[in-house]
Each structure stands twice: as C-alpha cells, then as structure tokens.
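Structure, as structure tokens:
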C-alpha cells in the first residue's frame, strides 16, 4: 500500500463524488473568511471589549477605519461568491458591484444596529439578577453574542445574500449553543439567559421585550421539504416570557402579548395575551 | 511569599498527586495534535470548503498529497502513544508498525467514507426545509460536522485504538453540543438538525435513514461501572424519527422501523415498528 | 457613499451610544487575556495533557516557572482593571497591590485545588461506565473542563474580584455548553456527564459526591432584579443524583442527602433525604 | 501638538512629494513578495537544505508541486505589475498572459539551471581547500547563494522583466555583501570565495571557470547617465583568477584567458591571455 | 552532569560577570523593538513600497494613523529607557515626557525628512546609469536604505538620545554593509552606489551632492579613547566624488569643493577644491 | 505546457542531478534549526539584550532553563545528523550519545565563554572612541556579534563536529560582513571595528589584545585543494593592530608582538615584533 496510490484514490473519489467537493475555493463562500468578518464586525460594535489591542482616543479613528476597510473588502468578496453561486443557472449579475453595495450598506447601518444592540444589553442587564453591570454583559454573556451576530446576519439575509448569513449564525451556534436562523424577525430589547439549546426557526416572528431561557424551541410542526416557503414557526408577541426548555411549535401558533410560558411546557396551539401557562 | 517557593510547591504537588500528571508528553496522546488531525481530515473529506487556502485543478493533487502525508505522520505518532499506553501493563507490541497500518487504512477508507458522508449531506438537505443547497449544509451545519467526525472516530475505534476516538468526538461535542460516543453504530443517511444537547451512548445501534432533533438522549438506564461491557443504550431501527428533547433509555429498548417519537417523550421500553409516540 | 464618511458616522455613534463602548482598553478586563490565563492555569493543573509542548523531568521546573510568572503577571493586570473599574465611583484602592496578592494566593492554592480536582477526576471515572482511564477523562471530558474552570473562577470570585470569574465560566460555557456561575458552592467529588445544557445558578449550594447529567437546571423561581442578594437557587445535599433534563428551582428548595431525581422532572419544592423522584 | 494633525501633515506630504509614494501597492512590484519567491525558488533548487520542513520520497512530489504553484502564482502577479508599470506611458500589453508565460518558462528552465548550478557547487568545492563537502557548500556558502540568485534573476531579466531581477539581486547583496547586477553574463563553473564587497556591473561578461575573491570590483570607468546603453564594464575570459580587492574597470577592458590578477591591483586596460598581474 | 546544575552554573555566571547582563529588560533599549520602529518608519517614508499590505486612497489615512500611533508608543518607551539609563548616576529626569516629546518631534519632522530623502532618491537615479526609475531605486537600492535610516537616526541623535540611534544604524549596517555613524553630518542629495564596506565616522561632515562608492572609509587617524570629543573624521565639501575603496582619514583633512578622489587612494591630508587625485 | 508535467521534469532533475539534493532532511544538518540555536545561545550569553521578552529576577531561572533545554535538544539533533553524515562511509558511531555529550559540554563551558566574551566587550569599548558604554557595544556592535558566534562555533569545531560550525559563522558573515572561519584560533580581548569585509582563514592563529579594522584579509597564498591540511594562513601575535583593508597572506607569515600594520598594506612576509608597516 503506497502513499501515491492512496492519494490517487482520493483524487479519484473527488472526481466521482462530485456533490461534496469544490471545483475551486473561489467559487463558494469560505467559512474562515466569514468568521474573520464576524469577529471584526463585533469589534466594531463593541470597540475595546473583544480584542487585546488597546483602543484609545488617539487611535480609535485609525483602528475603526482599518476595520471598516477590511470588512468591506473581505465581505464583498464573500458576498460576490455567494451571489455568483446562486445565479449560476440563471442570467449573470453584476455581482461584484452588488456585493460591494451590500457591504457598504451594512457599515452604514451600524450606528442604528448599535442603538438596537444597546437596548439588548440593557434588557440583559435588567433581566438577570446575577448581572452586575452592562460591561459584564458585553464581555461575558453568550446570549448577547448570539443576538448581535443574529442581528448582523439578519441584515445581510434581508439584503438577499444566500449562504453567508447561515455561516454566521451557525458559527455562533457552535460557540454558544444558541441556534437562531438569520431569517427570523426579532424585535427590540431581546433577552436570552444561559441560552444553551435555544432553537429559533427561520419563519419565527418575535416582538419587543421578549425573554427566552435555555432549551426553548420555537420550531416547526411539519418538516416536509415542500413547506419551505410557508410560515412554519410561531409568532411571539411583545413582552412574552418563555421559561427553560419550553417547546412552541407551528407557523400559526401565536403567543399573545405579555403571556408567560412555564418551563418544560409543550405548546402547539396559540395562547391568548396575558395568559400564564404551566406544565 | 516568593515566586520560587510557589513554583516548588506546585512541583511538589506534581510528584504527590500523581494521578493527574503526565510523566512525559510523549507517553499519552496529545489533544492539540489530535485536533490538528481532525481538521486536516475534514479538509480531505470536503476539499475547498473549510480552509481559506485556494483549491483548484492545478494544486489539488499537491494539497491532497501534503494533507495525506501530514495526517499519516501525525496520526501514527498519536496512535502509537495510545497503543503503548494501553499495553503498558502487558506484553509489548510493535506499536509503531501497528499505528502506521491503522493510519494508512483510514486513508485507504476515505473514498468509501466520502460516499457515506455524501448520503448524510443529502439526508440533511432533504430533511430540512430551511436548507437551500448541499453546499450550505457542508459549510454551515454543525450536525454534519458532528456526523463526519463521528464516522472518522468510529473507524479508528473499530481498529482498536483507545482514547483518540474519544478525544475526536469530545472535541466536536464542544464545538456543536452534539455528543456521539465513537463506539455507537450509525447507519447510512443519518439526519441531525439543530443538534445541541443530543447524546448518543457507547452501545447505541442506529439503522438507516434515522432523523434526530436537538436535545435527544439515547442513554443508559443503569450507570453502574460494572455494566461497562453490556449493551446499555437503545437500538433505533431504520427510518425512525425522534423529535426534540425525547429521552430513550436502556440497552434492551428497541425503537422499531419507521416509528415516530414525539418531542419531550420519556421512553424506557421498546416501541413497535410504525408506532407514533406522543407526550 | 464614501468610506471616510462611513467611518465618521461610526465614530459619532461611539460618542453618542456610550454605554457599549470602552473609553480605553486599559480600563476594563479584556476577554482575550483572561482566556489566555485560563488556558495557562489548566496547563498548570494538568501538565503535559493540554498543549503540544513536551513536558519531562528536565524541563518541568522551567515550564512551570514560566507559566507561574506569566499567569501572575497577566492575571494581576486584569484583576487590577476589574478592581479599578468597580471602585471608580468610590474611594480609590491600592488596586495593583491587591490584585497581585490575589494572583499569588491563587498560585499558592493550586496544590490544594489539584487535590480537589483529582477527586473530581476519580468521580468522573468511577461514575461513567464508558470511561476507560483517568487519562481519558482528563484529556477528553468537557464536564471535567467545566468543573476545573469553575473551581479556579470560584476562588477568584471569593477573593472579591468582579467580572473576571464570569468571563472565565462563560468562556467554558461556550466550549462545553455547561453554565456554572462562579458564585455557586460545589463540594468535593462532583460528577457531570455529557453536560450540554446544564445550568447552575449563582446562589446554588451543592454537597459532596453529587452527580448531574446533561440538561439539568438548578435555577431561580423568580428573576426579579431586586432579588439580587437573596439565595435564589436550590441546595443539593451530599450523594444526590440528578438525571438528564431535570429542572430544580428556588432558593428554599433543598434536595436531601442521597436523593435521586429522575430525568425530565420539574421540582420546585424540597425533597427529603433518600427519596427517589420520577416523572 | 496633537496626533491627528501630525497624521494630516504626513498625508499632505504624500500628496505633494509624489515621486516617492505609491498610488497603490497593486501598481508596483512588492519587495516582500519577491523575497518570498526567491526563497521558494532556492528551496526548489536545493530541496531539503534550506527549510526545516522535512523532504522525503513520500512527500517530495507534493512539496514540489505546492512550491511550483505558489511560485507561478506569486511571480506572475509581481511580473504583471512590473510590465504594467513599464508600459504605462505606451500602448497596453496583455500583461497577465505575458507574465504567466515568463513564470512558467522559468519553472521549465529549472532542470537546466540546476545542471549549471551543480557545476558552480563543484567549482566552489574544488576551489576552496577549506570546503569539506558539496553539502557544506550548499548549506553555508554565501558565494553560492549569490550565484544562484543571480542565475535566477538573470533568466527573468533576459525575459524582459524590469525591476524584479534587481530586487532579487539586491536582496541577496544585502544578505551576502556580493553585488551582481542581473544584466551581467556569467559562464559556467563560477567561483566566489568569501565574497564580501564584490561588485559585478550590468554589462560585465564573464567566461567559464572564473574565480573571484572578496572585494573585487568589475566596474565602469565612466558613470555618466547617458552611457546607459553602452558596454561600461569589463570582459573576463575563461579560466581567469582575480584575487581579493582587485579593481578592473572599463567596457573595453578584456582580461584574457587564463590570466591571474593579483590582490589589490588596479586595472583599466586589457590584459593578454595567460598574464600574471601583481601589485 | 545534570541539566539543573548546568542551569545553576549559568545563573551563577550571570551574578558574577555582571557587566554583560541586564538586570531587567525594562532598563535598557531593546534591539527587537528598535528594529520594529525602524521598519515602521521606513513604511511611513515610502508608503506602499516596503510591505505586502495594500495601500490605497481608502485606507492610507488609517494605515498612516496606525503607524504613527505605533511608532510614537514604541519609540517613546525605548527612548525613555535610554534616557533613564544615561541619567542613572545623575539627577532624575522627567524621562517619559521628554521621550514622548522627541518621538512626536520626529513625526512632525517627517514631511521635511521626506523632502530631503526625495532629493537623495533623485541623486541615486541621476548618478547610476544602471538605474531605470525612481521606483527601482526606492525598492531595491541598499544605499538608499542606509541613507534613510541614517537620516532618521541622526535626527534622534541630535535630540540627545543615547544608544538608540546607534542600534538603528548598526542594524542597517548589518543589512547593507554600509556603516554610517548617526553623529555624522551629511548634506542634501547624497549618493552611495553598491556601498558594501563604506565607513563614515562619528565626526565626519559631508556637504551637498557628494558621491561615494563601495569600500570608501572616512575614518580617524588616531583611535585613542581620549580623543572622544574631538573632530576625528574628515570634512567632505559640496560636489565631491570619492571612488571605490578610497581611504580618507583625519579630523583636519578637508576635501575641497568639486574634488574627485580616485579609487584605492590613501589620503591623510587636505585636498584643494577641484583637484583630481589618482592612485 | 501544463503544471503537472513541469513538476515531473523537476522531480526528474532531482533524481538525475543527485549531488545537490537531499535524500531526506533528516540526514543533513538544517540551516533554519542551526540559526535558531545560534540565536538562543546569544540570548543565553547576553540575557535581556537581544529579544523583546522581559528578563527579571523572578523569571530568569525559568527562561534560562527553557533556553538550555531547547538548545540541548535542537543542537543534539543537528550534531547527530552531522556526525552520521560524516561517518557514513566508515564504521557506525553512537552518534546520538556523542552529540548529546557535545551539546552538554557547550552548555557547561558557557560561564567560561562568558568570561572571555566579557573581555572582548571591554576591548571593543576601550578601543573605540565612539563607544559610549558596554551596553551600547553589546546591543549594537556587529563586530561583537561576529566574535561571539565565532567563539561558540569554534568550541563545537574543536569538539570534532563537521558542517555546523561553518553554518554558524557563515550565518553571521551574512549578517555582519565579517567572515571568520571556525577553525581559526583567536586569543582574549579581540577587537574588531566596523568589520565589513574582514576575512580570517581556517588556519589563522591570533594572540591576545589584537585589533583589526574593516576589510582586513588574513588569507592564504596558495589555494590548491591539496593544501587542505597545511597551515595556510598567517599568525598574528599579541598586541598587534591591523588597520583597514590590509592584506596579510601565507601560513608562514608571522606578525610579531606589538606590530602595527597600516591601512591598505599588502604583506606576504613576516614582520618583526614592534615594527610599524605603512603603505
């Protein structure tokens, strides 16, 4: 058994089992690059908290400018690949120009995204008796990290970019155990505590001031492939609280304003506003 | 309190509390090295998807050859350590030759493993309405990553290598929240969605076309140390679906072909083929 | 839309949305540095297991000495920042001296911490039929990693250091899915298996020889911010076993000695010693 | 004096003192990249001698292939920049295609270049009583390194590439103190010993089996800018030996076959074949 | 012979042979850091030529700002050490403030230094028939690199900083073989070709438009330690040319305007303006 | 012209032009590794001066111990290769044991080597009016660096190790332009100033308190290969001074005690003690 023939067999497998190879790395968004963009974006959102590099009034302009340049340059390339890939069977697109426009729009939206993320930080601090300060929340809460990356990925998802938003949220899913699909709609002042095991499906709609604890699933009743374009996941209205390990399923299930869903509950029908549901 | 005396106290502790030290790093498989091998193996399975390095028709032979060489060289060393460690109390083995043989067998098996992994990719794409393409599954689904590493670790486990398969699956457990023991037997076209909190025990047997959602435990009823060699975990036959947070326990528990196990259920007895079990 | 004006808008957002920026990286503990300290501490606890660097009788003194120096130097800086930050509104403290004293005390405590961690290793090996050796536990069990980091963070927490213990436990929460608040009190020979989804709250008290499985929550009944200083989480006495996905809530809830809490149970009242609770 | 205004002044200087700025790094060959190519080329010429990476019969094909790919890719980009830069005032060229063709030609020429370099190695070994083996010459003689880089740079120079050959020879000039212009013509079996201070000008012509010692200058008598296209440097015929610190100047100066030029001599007229010239 | 006793012997040697140890790295300027500053300064002088990082109109402000911040921060620390070291036997100085002031002054002087360096570039291009463009000079001529580093080091030397200017010029001496003492005074439009072996002593004074070739020494006649504060090296007036390997010695030796000094000459007396000196 | 056939041609050239390939990197000392050893050795000789790593009373023991371990381990491997290579045609040697013994002897000799190097530092400081302190000499003088590396290489040379001493001195030759053969014998308090272009041949013998300036050659009259074992280079007795660019040749040439050899002189006969030789 010699090494060269082993290599030949693997190469042969590449040409035969085509569905799981890449013809060339240039033609599909690359996970390593997308992760680098996510980390840079988080540093832009919370300057001085995430990386060891010192940020002060003398250098913040330059560090910020470098980050913006790096993000626009890398993200444009990855979005371009994603657009080219999606259009391959159809008419060509001016994919580079389109990709750059989306990257710049994301940067332009950052001040507004930071305003919303600030509300999330406040919600986490207010909602958790164990939280000692905003800074502690920013620097250590996985729930916040999952929300921030979701908000960034959701922006890119709404701009019509395939694949990349999913790489972003699955990366943070790996880090935090919190799985939020970038297609979900989530209102202001969103609160997640502990978070491990949370699943929020693609067509979920969540209002303002909602609180969700670890192990909560907002899922689909049916998982038929042909349901792809239907609303398959529940709607959670403003001020709802959902305790640990509750499961809420179905696209027509609505949890009304201010309802409280107890831990370990199983819900597949709508719940009226203000109701308290226990096991 | 001076630094040198602190160091002396720690060194003293090393000589006294022997059970949790290493006499020498050469004598036990090293986590960092095993993780490097896992990542190289994943790049070999999905060339061009995982790392930023460009793969194209000009360089794929060389990149593949380098990866194969690196894997064989590193894995052989780690397997050798594992074999030496295990045999220490017994007769000596020709551990290097044995280790190299196993490494080469793994490389030789890769085309077949890729065929099976391709079926897993297809199962994930078909089973999840949110999946937009095979490529999205490959590049972003933690469930797939857990399955791939399990299949590689299982191969090494069956070749009789101790410790290393467990380092591999626990590494990916950390990354994905999916805990599959390398001793489990899992058939083709295995589907995991979301996945956080899944536990699949050492003596579990799973058939073909099985679907499992987040938080599912396939565990043991008894956890007595002396049950080590018994079948302690359930058998799941072909075409079974197990929804989120179901718990199925016991070595004699069999879920029959095509059964559907609802979310949050607690099962400690066998379920006949075709049955639907709800909470 | 030109790049410079985008940068200006982000800088403007930094000055306006002040709550989520850092005036300067020097003034708040930094996550990257704290993570580096955690990893060095783990290498000190288990020399030769975690990193690829070879440890042997010739170099262990020097490697240990370097690690101690590096830890004391980095940890002192981070603790100093944490203390300065906390005191900012009050009288000044001699924060550097205080920080260095705490760092040195941690190093001094390591031999005793290693003794306790050795008991945890033994508990994991004894409690899991799938465990083949102490070494396998040390090198691959996420439960052990979570316990070790908790014990280190708890020491720093008891020394009165804010924020840093939380960064430590949330880092390992991200890696293992096991969320133990550094404020919890946990006795000797603690056993965690699989672990994903475990939550152990700030005021939990756990005795000796306790066993906990994946998805267990030891949480609060009320999450009002003004309950911050009350005991909000349960007390688990010696020799209790809590199976997967059990939820135990409330500061006055006591699980008596030797009780066995079954999987998927929901407990908000005390359980007498020796009781077996099933769903 | 504030930092931002200092930066502004430097930026202002960039726009005013235009001759020494780069409009964009893409438009001029980059020193770091060219140096990387030189080092890769040397590893291709002497596999296994220069870098710590192990080369053996199992991996040499893959390491070689990777090097070839990396060199062709990087060198093509740098040559393209050099060609674009040179043509800027003139008609456009199909610079990428041309650059790639030159890079591939260099790779194609490597077996022949290695044959010639082998003769140089032999000449150094034969000519220096202190040399103990061919391998010692390859791994330690700066004279050989200067000759090898000259031969590579000369090939690229003859292919009509501006700037890059000069970056190559000046890089090795820095490392060895030996300054050979890439335009010089040098025959087979060239011998340099010690080498520091050697200068070989652009229009020098050197025959076979020539030996040159440290501090020798083969230079121009006139250094008027308008002499640019004339032969300004001497011709050295076959089998000539030139001892340390000799200075030979002028484009019409010919040192005839087999002549021996003593150390510290000053020569501005031709020397007949077979002559011995002393101070 | 055991390792620990060998280490003890070396430590013992450190305490005995005190003159060549450092009590602590903080107390003496560090070569690695000074070299990093030199390289950053060169990139500031010639943006886009030296490093692989792309410089364009979008990012030049940020890259420049980052470089300025990094240089000021690192250089201030090193200058502070140098000042503290020098003053140790005397009264204390406010060394940090003084060091920062000098660093900022250097940055402030950069536009003017770039103007002068531009003249040097032009002199090199005009003076060397082999030079094809300003860019080739900037990117490949060691003579230019030596002049640039000299001009930066000379500025710091004149500001009264010990040791650091010497580390700078000796670093570039190592790279180019050109040894210019930072104390020398050198006028505009200075030309060096080939350069290896050039020595320019501490009290040398050089006018404008001077040309110097390889191996030229401008040295001292006497090398008595007590001559330290005298002018020991020659004066070279405007428009002088000195060909290869000429040696000019003595503090009272003056080479008059426009003189031409031939190669390999030995000069220890003054030469009148306009004279041509040959061997 | 396709890439794979180019690679094949180069591989073909490897098998044909055998003299300049390596069968395997394991079988010949590697330049990168030897250079790493040199740098570590220099840090051991001058702790705190060469690298950015802080050295203080708390960590010097550990840094020193780590350096000693690293040097012994790497140097032993490289010496072993050199010994195996040399013996290949003869009887086998116990090369590993022999190599380790030599490495340990070098470490054991370091205190004595440091005593001698201290005398060299003093000689440089005393001999150069431009030197402001011992520290300046240590941190910036290339002459000192060349002497230090020569003294280390000479020790290894005398221990009978082939090739490696030459790699060491040629590395420093590249950095400083000073070419000292490791076989030369050089007495205490050796002084080199400027140094570029100095050549000191293999069989040179130099006494105490000798001073040598730039461009001096101590060379051979005859360079016949069969003179390999004869004394080919001059003897320089105590207290001799040799000024810049002097050339002294021949194995029987003796420069007597206290002689002064002027710059640019050419000497091929012995010079009596106390003589002053000028051009």
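The first chain written gets the first letter, and so on, giving A, B, C, D, E and F; residue counts start at 1 in each chain.
What we mean here is this: a residue touches a chain if its C-beta (ideal position, glycine included) is under 8 Å from a C-beta of that chain, and two chains touch if they have at least 3 such contacts.
Note that the structure is predicted; figures quoted are calculated from it, not measured.
J.: What chains, if any, are shared contacts of chain C and chain E?
T.: Chains touching both chain C and chain E: A, F.
J.: Where the contacts of chain A and chain B overlap, which chains show up?
T.: C, D
J.: When the contacting C-beta pairs are counted for B-D and for D-F, which pair yields the higher total?
T.: More contacting C-beta pairs are found at D-F.
J.: Which is it for copies chain B and chain C: same residues on both faces, with over half shared, or different residues?
T.: Homomeric contact, different residues on each side for the most part.
J.: How big is the gap, in whole Å, between where the Cα atoms of chain D centre and where those of chain E centre?
T.: Whole-Å distance between the two chain centres: 26.
J.: From the mean C-alpha coordinate of chain B to that of chain F, what's the distance rounded to whole Å?
T.: The mean C-alpha positions of chain B and chain F differ by 54 Å.
J.: At least two other chains touched by the same residue of chain B: list those residues.
T.: Those would be 3-4, 7, 58, 61-62, 64-65, 69, 177, 196-197, 215, 245, 264.
J.: According to the definition of touch, which chains form touching pairs?
T.: Final set of chain pairs in contact is A-B, A-C, A-D, A-E, B-C, B-D, B-F, C-E, C-F, D-E, D-F, E-F.
J.: Give the list of chain A residues in touch with chain B in this complex.
T.: My answer: residues 1, 3-4, 6-7, 9-14, 17, 19-26, 28-33, 85, 162-163, 166-167, 170-171, 173-174, 177, 179, 181, 183, 196-197, 199, 201-202, 215, 217, 219-220, 223-228, 232, 245, 247, 249, 264, 266.
J.: Given the complex with chain D, which residues does chain E contribute to the contact?
T.: Within the complex, chain E contacts chain D at residues 44-57, 60-61, 64-65, 68-69, 72, 104, 107-108, 110-111, 114-115, 117-118, 121-122, 126-130, 132-136, 138-142, 175-177, 193-194, 196-197, 214-215, 244-245, 263-264, 279.
J.: Over in the complex, which chain E residues touch chain C? Could you list them?
T.: 3-4, 7, 58, 61-62
J.: Can you tell me which positions in chain E touch chain A when the two form their complex?
T.: Of all residues in chain E, those touching chain A are 58-59, 61-66, 69.
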